[in-house]
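One chain, chain A, links the two complexes that follow: it is found with chain B in the first and with chain C in the second.
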Partner chain A sequence: MLKYVFKRILYMIFVFSVMSILLFILYNGIQGDPARAEIEPMKMKLEPAQYEQLYRETRARMGLDDPLVTRYTRWLGKTIRLDFGQSIRYQRPVIDVVKPPLQFTIKINIFAVIIGLAITIPLGIFTAVKKNSIFDKSVQVFTIIGYSIPVFITALLFMYFFAVRWRLLPLNGMETPNFKGTAAELRADQIRHLILPLIVMTVTSLASITRYVRAAMMEALSMDYIKTARAKGLKEKAVIFSHAWRNALLPVITLIIGWIMSIFSGAFIIESMFNLNGMGKLYIDSLYAKDFNVVLAVQLFYVLIALIGNLLVDLSYGVVDPRVRVNE
Partner chain B sequence: MSMDKNKELSTTQTPPPKKTGLLKQLFGNRNELDIYTEEQVQSPWRTVLRTFRSNKVSMSALIVFLIIVLIVFIGPLIRPVDLGYAEVTQVNLGPSREYMAVPDELLKDLNKMENGRSFGVGINNSGKVFIWGDTRITNRVNIRNVPDDLPPLVDIAVGDDHVLGLTKDGSLVAWGNDRQRQSRIPWELEDVEVVQIDANYQTSGILDAQGNTYLFGNVKNMDYVEFHEWQGKIKKIALSVDALVGLTNEGKIVYFGRQTNSYSRVPEGTFTDIAAASKAFAAVRDDGEIVVWGNLSYRGEGRVPEHESPAVQVEGGRYHFTARLEDGSVIAWGENTYKQSDVPAALNGKNVTYLSSNYYQNYAITDNNELVSWGLKGYLLGSDDLGRDIFIRLLNGGRMTITIGAVAVLIATFIGIVIGGLSGYFGGTLDLVLQRFSEVVASLPFLPFAMILNVIIGNTLSPSQRVYLMMVVLGLLSWTGLQRLVRAQVFSVREQEFVVAAKAMGIREGNIVFRHIIPNVISVIIVSTTLSFASSMLTESSLSFLGFGVQPPIPTWGNMLFGSNNSVVIQTFWWRWVFTSIILSITVISVNLIGDGLRDAIDPKSQER
Partner chain C sequence: MDDKKVLFRIRDLKKYFPLKKRNPFQRETYNVRANENINLDIYEGETLGIVGESGCGKSTLGRTILQLYKPTSGTVEYFGDPANSHKPVPLHQLSVDQLRKYRRDMQLIFQDPYSSLNPRMTVGQILTEGLKAHNMLDKDPKKNQEYILSVMEQCGLAPYFIHRYPHQFSGGQRQRIGIARSVALNPKFIVADEPVSALDVSIQSQIINLLLDLKRDHGLTYMFISHDLSVIKYISDRVGVMYLGVVVELAVTEDLYAFPLHPYTEALLSAIPTTDADHKREIRTLEGDIPSPINPPSGCKFHTRCKYATEICKEVEPELVELRPQHFVACHHPLVDRKHALF
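Up next is the complex of A and B:
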């Protein structure tokens, strides 16, 4: 097992470096001339010759004339120390800009995952057990519709009914502007603002997870050991939960990890539509503002998330399915 | 294995051809064959087709999808989209086809009728007011809300979103939108005896019995001199969006402005009638010729058609003119987006006694009191924030969305088959390298990466080039799933007898992979391609919705929804998102249903589960 973990981590480092090279090349393609940008204010004060001299010095200081490989290693070194440079838009170090949205995104995603799992797993198991019942069929219809409708249309529908038509919840934003009240009231107000995005996030992820749980559960229920268990006279509850569900869990776990990872990048649309200060919105705003230092940091975060997700999937395979360990 | 068995059987027993009706052909006819005979006589592909046809849900989805495809591919040929089109007076109008639905009661005793941007107002000879069309201006302003105790009117003038009325004793009434004070009558007009009224976009013009002109509304926009040398000598006025022109008692045309511009170059001569479009004026000279001047645009306000009979009346729409000739015929020229300057054939040989043109609508009444109207009836699905017809954009946007999805899937499928096939067949180092490469691509976070590529590369491209970029980016990022599938399938068949036989015959290895193995795993590819076509369309619309995909003015179903997530659009201008959402959802749902049906048909085991 240790060897397997080691192998996977090594592989992850390999992919990460390939990815970082790719990003670095992309990033170099978009940036203008940072040296020129830095000394631009001096242009009026200096003679052309002096200015040219200063420009050359600045370039040398920034290491812009070094070969690509040297620049890449230096950039990688900085990146590993979490030094992403300055944000142009906020005039602050990128790492400070990224922190609050990161915390927010993680927080809201944990909520969404917990709510989502609490609904999808029982629903998936139930529809698999009662397959081809009217309830199962209607859930099937809803899940197909659910995963076909784009997130933004679901969000628009929910906004229309909950925020505009019935006026139950605020339309968007993190809190009421100029909110006056005690700290507890402010907290309640912020939570009210989170309800609608949370609902949309959960609803949009329900469909596909339910389908997968149902499929995995049906696969497990069709196995011979289920027949054996039933033949032994076990209670149906025991058959479903300790025989079938245990085995269905294997594909479901990997799926859930992949899903959790994908919500991070899937929250884009929801965050930008509901005007929530998360990573997705930060990324979009920075792309619009051409604040590429922030873009790169967020992009690296997404890459890292994806890689960690892959690693967790692989490891969970290894943990729950002994055959994988033997084979690799 | 079971497929091969079927194949052998089907070659030994030739199935008798059955003649069936079209409906049965489409939906299958299960009852005619019992399960054993069917198993025996069907080749695998026919079984698949038959199972698919018998699946009513997927079959209906296929029909729905084909209908949508037909509509969005044929529709744009009939109604092409004008990418540069924008029209301020037609912004955010709701679905309606009633703009020219003149009530019959008015026609019995018509005095005058005129159209505003989306509604019509008419009066009969006893002064009763009739209103039709889409009269909602804002949440609170509606043209149908006429002032209380409205006296009988002898004349009306309709602007973009307000109405002026003239009573028998020469006093004014006004209602409608008042944002620019265009329907707030100034106090100095209270004692004036008004003889003619005219209204245009946000402005109202008045002519009194002494021949003086007055102007109110958004007058800051206009070049208008109140104390003009010709005041007191005017018998008719015409109001464009930004200028007022008068016809003097002697038939001379005067411009009521200070500047020297295209309006001030008034034609010389004696004139009998004048009319205004938005940016141009037309006048009828005493010899029956029509003269047009002002800001004549590419729309063709200046291109008066040849006419033998002298003109007696001229009328101005938004960017077009119509004229009534002495012989009772009508000519029209200018902008023709909504066929407003195509005189209908129904008027041929008829004697027109009344003609009225405003905005995009024209009404003509013949001497036997028959109404012929032509122009813009309304927008089937409403208009958007730039005044464009949502229906036309939906047609053209659908073609774009479906094309992008299809091309992206083709690219992805091609790469997936090549890499998966090579990797699965040859194995070893090639497999290792290709799989690592595929995993790198697969672990690229999809949306963020597509967005950054669109920003970096897209900045240097034109909007139409960005469409191709979109296809390529989507294709290049989404082949990994199919690749893995193909590889696994190739793995499972590469040791089978027919491959060994092909090898023994000395067929080149490339041919073995792509001519012998891939056709045997094509069913998996088809299912995967169908399902990823749906997700490609979803991704494209998500990206375009966020503003990182196809850029406006090129429409796609995604970018038509851009900017809809505020409460005003969601509630008040619901047609801007509802129709697009519905059609996009239906399309994706039906493609997914087709994919599911195909999978069930190809892999009967999945049905049993």
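Up next is the complex of A and C:
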């Protein structure tokens, strides 16, 4: 097991370096000159010759004229020490720019995942057990509808009813602007702002996972060993949970871990519509602003998350399914 | 046969599986008539073989007797409950929860040893779970372990198998696990639903001998379902022949194989390959396919393929009658009045 994890980590390091080379070359090939961007404001104040001189000095200071390999190793060395350079847009270190949206995205998504799983798993199991009942059929109809409606429509509907029509919840933003009150009141205000996006996030993820759990459960319930378990005289609860559900868990776990990994990438559409400072929004906004240091850092982070996610999926197979031996 | 005690009495047992309506305007629902009017007594300590083509309702019959399928109508009475002083227990009327008590007495061995064992459980867990459900576990875990190991040994499983998972075994070994699982509960009656048809011929005989040994040691009663006539002949005391959900002939094994009375049985028996070159015998092939159990033929269900069929066969359904001692047949033109040209 340890040997396997070690092997996988080596493999992850290899993939990560290949990806970093590719990304580095890609972002270096993009038009734009960071040196010129930095001294641009001084263009009017200086003589052309002086400006030219300053430009050359800045380029040399930034090391832009070195060969690609030298630049890459220098960049990699800094990156490993978590120094991603400066954000052009905010004129602050990238790491400080990325931190708050990352924290926010993780926080809201952990809630979304917990609420989502608490609804979808029991619902999926129940509809599979009561297959073709009226309840099951109506759930099927709702999940198909939920599946087919795009996120932004769902978001708009919820905004219209909860924020505009009934005025129960704030429309968007992270907190009320110029909020005056105690720290506890501010906290409550922030939480009120989170409720609506959280609902939309959960609702949009309900449909697919419910259907997935139902399908996996139905397959497990149709197996002969379920009849064996019933013939043994087990209670129906034991048949459903310890026999069927344990076997249905394997395909479901792949999906769930993939879903949990998406916690970190954020949801651009929802974040934009609710004007939330999350990872998805930061990523797209930085792309538009050509703030490539931020983009590169976020992208490397995504690569890392994807690699860790894959490792977790494989390891969890070994835990859930005795037939999978991960040490080979 | 009067000295034999009846263990199960099955009367007019029907099991229909309703088909989905093809459109919402369809008035009547169609049924797959898997079992129709089955009348059967199962005696204590016997092996009752059930034979028939695929889809004739053999497995359904076994599972309906065990109440794994709820019968559409008819009665299944169980006489093996000592707490009830062997008075008939109407299994068909019991709820799922009431039935759980009797599950211990009647077990099922499946045809497919691959899908009938939970892949997430070790052999030890598979064997213990049933005991746990029926409060048969001792407080002392050592004694439990000993009991499990003794059952495994009886079924030809090595002790070190106890912590292994089903996928680590071959088909024959898996079937032994399935058998050990049902025997561990110390049942009275086992429905063996084609337990050997998924196995190699060499393994088949091992499993059949294992079943016979267990029967001798534990005084079991078997209902042995198979489509293999030679297996049935070897293991059964009595044989029931099924066709399209109906028992067409029921007799003591030797009697049935020597003097088949139903044309269908005759055709089945003539299809057994033989190595006897001196006594050439006629093979009576059956024409046509087995009719649909959704819309079975009127009268005698076999009349579409029977060469002796006459008008009456199309209209009147024959009753199962005792033509010779302990030899029942449901046919308007049984083969008694013809010469037994077959054997």
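As a working rule, the second predicted complex is superposed on the first by the 292 of 328 C-alpha atoms of A that agree within 3 Å, B and C clash if a C-alpha of one lies under 4 Å from a C-alpha of the other, contacts with A are read in each partner's own complex, and residues count from 1 in each chain.
The rule is short, and it goes like this: a contact is a pair of C-beta atoms (placed from the backbone, for glycine too) under 8 Å apart; a residue touches a chain by one contact, two chains touch by 3 or more.
Because the structure is a prediction, the values reported are computed rather than measured.
Visitor: In the overlay, answer first, second, both or neither for which of chain B and chain C A:Ile106 touches.
Guide: neither
Visitor: Mind working out whether A:Lys232 is in touch with chain B, chain C, both or neither, as first, second, both or neither?
Guide: Only chain C is touched by A:Lys232; chain B is not.
Visitor: Pick one for A:Leu156: touches chain B only (first), chain C only (second), both, or neither.
Guide: A:Leu156: touches chain B, not chain C.
Visitor: Looking at A:Asn247 after the superposition, I want to know if it touches chain B, chain C, both of them or none. Which is it: first, second, both, neither?
Guide: The second partner, chain C, only.
Visitor: Identify which of chain B and chain C touches the larger number of residues of chain A.
Guide: B
Visitor: Once the shared chain is lined up, is A:Gly29 touching chain B (first), chain C (second), both, or neither of them?
Guide: First partner only, chain B.
Visitor: Between chain B and chain C, whom does A:Ile308 touch in the aligned arrangement: first, second, both, or neither?
Guide: Once the two structures are laid over each other on A, A:Ile308 reaches no partner at all.
Visitor: Starting from the residues of chain A touching chain B, keep only those that also touch chain C in the other complex, and list them.
Guide: Correct list for chain A: none, the interfaces share no residue.
Visitor: Write out the stretch or stretches of chain B touching chain A in their complex.
Guide: Answer in residue numbers: 436, 439-440, 443-449, 451-453, 455-456, 534, 538, 541-542, 545-548, 558, 561, 564-567, 570-571, 574, 577, 581, 584-585, 588-589, 591-593, 596, 608-609.
Visitor: Using the touch definition up top, name the residues of chain C that touch chain A in the complex.
Guide: 63, 66, 68, 96, 99-101, 103-104, 107-108, 110, 112, 115-120, 122, 129-130, 133-134, 165, 167, 178, 181-182, 185
Visitor: Please output the residues of chain A touching chain C within their complex, sorted ascending.
Guide: Counting only chain A, the residues touching chain C are 223-225, 227-236, 238, 243, 246-247, 321-323.
Visitor: Okay, in this complex, where on chain A does chain B touch?
Guide: My answer: residues 14-15, 18-19, 26, 29-30, 131, 144-145, 147-153, 155-157, 159-160, 163-165, 171-172, 215, 218-219, 222, 265-266, 268-269, 272-273, 283-284, 287-288, 295, 298-299, 302-303, 305-307, 310.
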